[in-house]
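The structures come next, written out as structure tokens.
In the two assemblies presented below, chain A is common to both, partnered first by chain B and then by chain C.
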Partner chain A sequence: MKLLKALRLPARDMTDRAGLPKAAVIAIKVVGLLALLVIGVVFPPLISPDTTTTGVAVYALMFAAWATAWNIFSGYTGYIALGHAAFFGTGAYALGILCERWHIGPQLIGTGGGDVSILFLTIPVDYTPFLLVPLAGLIAGLVAVPVGWIALHTRRHTFIVITIAIFFIFQLLAENNVGNLTNGTKGLEFPYPSWVYPFYNFPFYYAMLVILVLALAVSWWVRHSKYGLGLLAIRDDEDRALGLGVRTGPYKLIAYVISAIFAGMLGGVWGYSLGSVFPQSAFDPLNDISLALMAFMGGLGTLSGPIIGALIIEWARLQFNSLSFIENSTSPGGYYLIIYGALFLVVILLLPEGIVPTLRKWWMGLLASREEQGMPADSLELSKQTAPVAVEQAESGEGVNR
Partner chain B sequence: MSMLEVQNASKAFGGIQALDACSITVEQGKITGLIGPNGSGKTTLFNVITGYERLDSGSVSFQGKLITNLTPDRVFRLGIGRTFQLTRIFPRLTVLENMHVAAQRRNAGGVLGRWSSSHEQRRALELLDFVGITRLKDMPAGNLSYGQKKLLEFAFILIAEPQVILLDEPAGGVNPVMIQHLAERIRALNQRGVTFLVVEHNMEFVMGLCDTVMVLHRGTKIAEGTPGEVRNNPAVLEAYLGA
Partner chain C sequence: MVSIGTIIEGIILGLLSGSVYALMASGLSLIFGVMEIINIAQGALVILGAYLSYLLMQSYHIDLFVGLLLTMPIMFIIGVVIELLVIRPLKRERTMFSILVTYAVALIIEGVLILTFSNTPVTLHAWYITDSFLVGSFGGQPFYLTYAYVFTFALSVVLLAGLYWLLYRTEFGRSLRASMQNRTAAELIGINVERISAITFGIGVAVTAAGGMAFGTTRPFIPNDSYDLISRLLVIIVLGGMGSLRGALVGSLALLIIGDVTAVVWSPAWSSTVFYALLVVLLLFRPQGIFGQREGRKQ
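On to the complex of A and B.
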């Protein structure tokens, strides 16, 4: 029987539950991802180059990347961080301040820099601020180290409240022009590129896309690594994980800093795309709520969930943004906030696990019902005492319990 | 040679003295039983050894090295594994993923690698086979029955190859066939040199399994000896029957 098992186990591992060979499943996934990437790349110039659409697309990608990065910490560890906009704002201000101090990028007043040459590449001046984006991310990550170290001494609700409090401290620091860095409520000017619409949105679109792909790659890697397994163990039972040799403190802090780095990079790109940032917009608490909503809606702790959530929510925001409480107003109305609240309720009540896990469950249920018969694996005795036939039956039926 | 030594350990929670100058010695390669009435300090003793509670006074040493008040992750990495009275597994991870949590490594390369292609994968499957739950490997651990969870918790501490394993009521609430199965696994591991300290209320299980039995009462050790000696010790009878 041992021999039988040894022969059968690997054979079973070659196929997934739908009976497809594993290699085929991987091939389908890779082709699907590449197709999505191609659509993402050709979207602005070929599919829909008009300014409104690409403008929305920039935001959709930004939130998709941000929610993915947020999920690396909050989704995997179960610690809901509601102060992530602090790192987004830090990244935005960092990029703006560095451009100004180091004379990088085009500038209206003429204090800007010129083209930058790196090895054989010459970067046109309009693109040079993008070179500082990784640095903006690193600065946000550095800031996240002490912040996370303090906040992560608490758990659950206390942690959420602490992150919100820290967020408001950052907003206040920016408003009060502490250290003469932020220019206070007057806002900070960014270099202004010479691009004209509809092309204007394209570089920002691609910058966001690159960060999204990066965030997704990191998220995928974390999900499959031992490190990520440690994070998921922390989510399920932190003290138990600690007692199994998982160094929970550094594990959590590293995930927190990784997600902050992405938030900072996104903030930098966002700031450059707007031309100027203000404390209220760079440190916007609504963004925190949006992130949580997106990740919860798509599926906390899943790879694709936050992206799906971000695309749905951004699309919904576009639909309701034009509605306003004030007649003939061109400024965004408050209606989408009401929609946010309603959506949050719907998600918590009807889809507590989020879209992706729910769909996955349906799919598994469908497969299990097609596989029919077989007894539930729970009723089994120990394999040593069970006849091989019974084991076989149970193995074919184990999908029932999923 | 003593594997694990607790000396004059004291721990109070508010006005309750959970451990009162308690000293025990666990010999290498033995299965030592730890019994006592409810509230006698057995679980607290486990908690102070494994770093979940800090000692008020006293010391804990492992293989002659002081490990008093080290954090739980360090205690575990030194080679002391434990199970909990109320089984603690990771309910949303699959059974196989549960197995790999305890196989975290110190070097970055090990931590950054994929758990499913690590060299522990084979060992994880072997251990699941050892406790007899291999066929449940892809199931979320939260779906397992109570007894299966106990077996999983037992299996996942084994992946780190601890030298001492502390079991907190391994037989509590488990059906007799499973208890028998578990006792066999413990003996098999013991023969390979693993030392055990077992807290258990099931006397048949303790007496049948252990080389030495220690009795705790009101936070201190009142008796020690072979199962037969302890069974007939008047102080033990008094503690249990409250005469």
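On to the complex of A and C.
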């Protein structure tokens, strides 16, 4: 199992062996990230009149951020949480309720608040609900503390089942209009911004982008911190990690809460962009599984995997929406579910490790074979060492939960 | 005004419908016990079973209970096919991946059902669904039940007994229980665990034909109902202890009795919430469920 560690973080060592200095690799990564960021920022104005694409882009960023946040808990600890939409919905409802009670943002009846001034910054009334987004995230995070504390009493597969159950509790609570907060199945109205198409999607797009960057930064920090190492140790062997002094309980709970905070913030922005939320849409079981699909497709526990998975699936959804046979059908949901399910099956059965780890392995194999001719020293040793571990693991069916 | 009579009504209702859930949940628990696979598609399969009964009733005018002779083998075959196609290829971390692939299967089934039957609710028709009889009078209030409740209760009892007989009185059952206890050891003494797994999955899915039919007699249904069902079934097996058949039985009766009593005493809207809340409390003290074995480190 010690070799597993070598398998997990091999990219850095191998790049060194390929002859590139570490600084150059970091520089390439930073430049690449900045380039992606610039593309992200200028994307909506470039594509502007096309509201369908910008609309899908909002969702693509939302799911990319959400899958990244989900991955901070589920990817790093190996605990698959299938009820994450509970916190998304909590955030959406929290934002809606706060706006309603505090009279923030433009309201239909005209009771809404005005512009907000902070120091020498004036925020137009349409943008004021965004100020509450972090608060919505915090509320979702607070809710996640007891929920996670209870759910994390269980291990692995029972945990998955419990998260599903908890998700449905949330949906039921919203439907039953607990404490007269959620307005039941009638749904909750949000402030209605005065933006018009095609500009309408822009503010939401940038809000999602900011959250995505934040989530990515947190994910990167966790991945490279001692805390993150503890999470990975939990994934590999929880009991041994506990024995070695990793405080597994608080570690898991903190990661759970972090991911819930992001889900809540995204839910808030999402709710504002729609104008109204319902128990069935805010707490959507399909979202639970979409997250898992995106993270698995890209590569569970990798930094970039969830984003890649989210972008691919949202792109596929865009293509799918424009197919003509869907429009003619009386029940488009059916085709959608079938293709979605089939795609999911194909990904898990053919690419169980996800795109990023598979590509990385392939790249390492390429480097190793190149070095075989040039310098057959210890690099060959490593590639030979790592391969049997993966094979052994695959053959014995031995996962982290054993 | 809550009288003792309404509570008795709730208990009777819960007992009768609880047996049906026990049937569906024992299929799920059996599959988990033998294969360590959580079949998320169980809810969708129950609905599929209900629609199969509906199809036979509507197109060929076959009685619902007679139709089971046809739908149960069909569901058995569907189960075996699912096992061969999507469960067997899983090589590592089978439990986790099984949840994902069976979720995908559930989506596909739901999609097919929506395409075939659309999202309009359908109801099953038979004389025993419409006719009811007087059970008794509690506190001056007459209490009627449809015959379907009693019939499906009897059906569930018969099928559960059959399942019990199969597991504890036959050679196949002995091999199956051996695979449940220790997969590797069972293989070593010459049990064909792969075959047992496929058949187990088939049996676990076959009971959904009966479960679905029974579900359909109590209310109109749409493809989307599978979400509510699977969450209830999962909660049942967690409550009872994953992989325990006794647990599935006790869990179902507890869920339905608590739910129905809450429904008559308080409000139907709260029936599931109260149960879920109790489950959460139980998990705090007994994370492995009532009859479950402690999870954690194996080997």
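Assorted remarks:
Methods note: the second predicted complex is superposed on the first by the 342 of 402 C-alpha atoms of A that agree within 3 Å, B and C clash if a C-alpha of one lies under 4 Å from a C-alpha of the other, contacts with A are read in each partner's own complex, and residues count from 1 in each chain.
Here, a contact is a pair of C-beta atoms (placed from the backbone, for glycine too) under 8 Å apart; a residue touches a chain by one contact, two chains touch by 3 or more.
Quick caveat, the model's predicted, so the values are computed rather than measured.
In the superposition on chain A, A:172 makes contact with chain C only, while chain B stays out of contact range. Look at A:29: by the touch rule set out above, it reaches neither chain B nor chain C.
Contact with chain C, but none with chain B, is seen for A:156 once the two complexes are overlaid on the shared chain. Contacts of A:239 after superposition on the shared chain: both chain B and chain C are touched.
Here chain B and chain C are compared by how many residues of chain A each touches, and C touches more. In the superposition on chain A, A:186 contacts neither chain B nor chain C. In the superposed model, A:348 makes contact with chain C only, not with chain B. Shared-chain residue A:361: touches no atom of chain B or chain C. Across the two superposed structures, the residue set of chain A contacted by chain B and also by chain C is 239, 394-395, 398, 401-402. Residue ranges of chain B in contact with chain A, taken from their complex: 50-52, 71-73, 75-77, 82, 84, 88-93, 97, 100-105, 110-116, 118, 125, 129, 132, 134-136, 138-140, 143-145, 148, 156-157, 160, 177-178, 181.
Across the complex, chain B is touched by residues 5, 9, 221, 224-227, 229-230, 232-233, 235-237, 239-248, 377-378, 380-384, 391, 394-395, 398, 401-402 of chain A. On the chain C side of its complex with chain A, the touching residues are 36, 38, 86, 89-97, 99-101, 103-108, 110-115, 118-119, 227-228, 230-231, 234-235, 237-238, 242, 269-270, 272-273, 276-277, 279-280, 283-284, 287-289, 295-299. Chain contact summary for the complex, chain A toward chain C: residues 80, 82, 150, 153-158, 160-162, 164-169, 172-173, 175-176, 239, 285-286, 289, 292-293, 296, 330-331, 333-342, 344-345, 348-349, 352, 393-395, 397-402.
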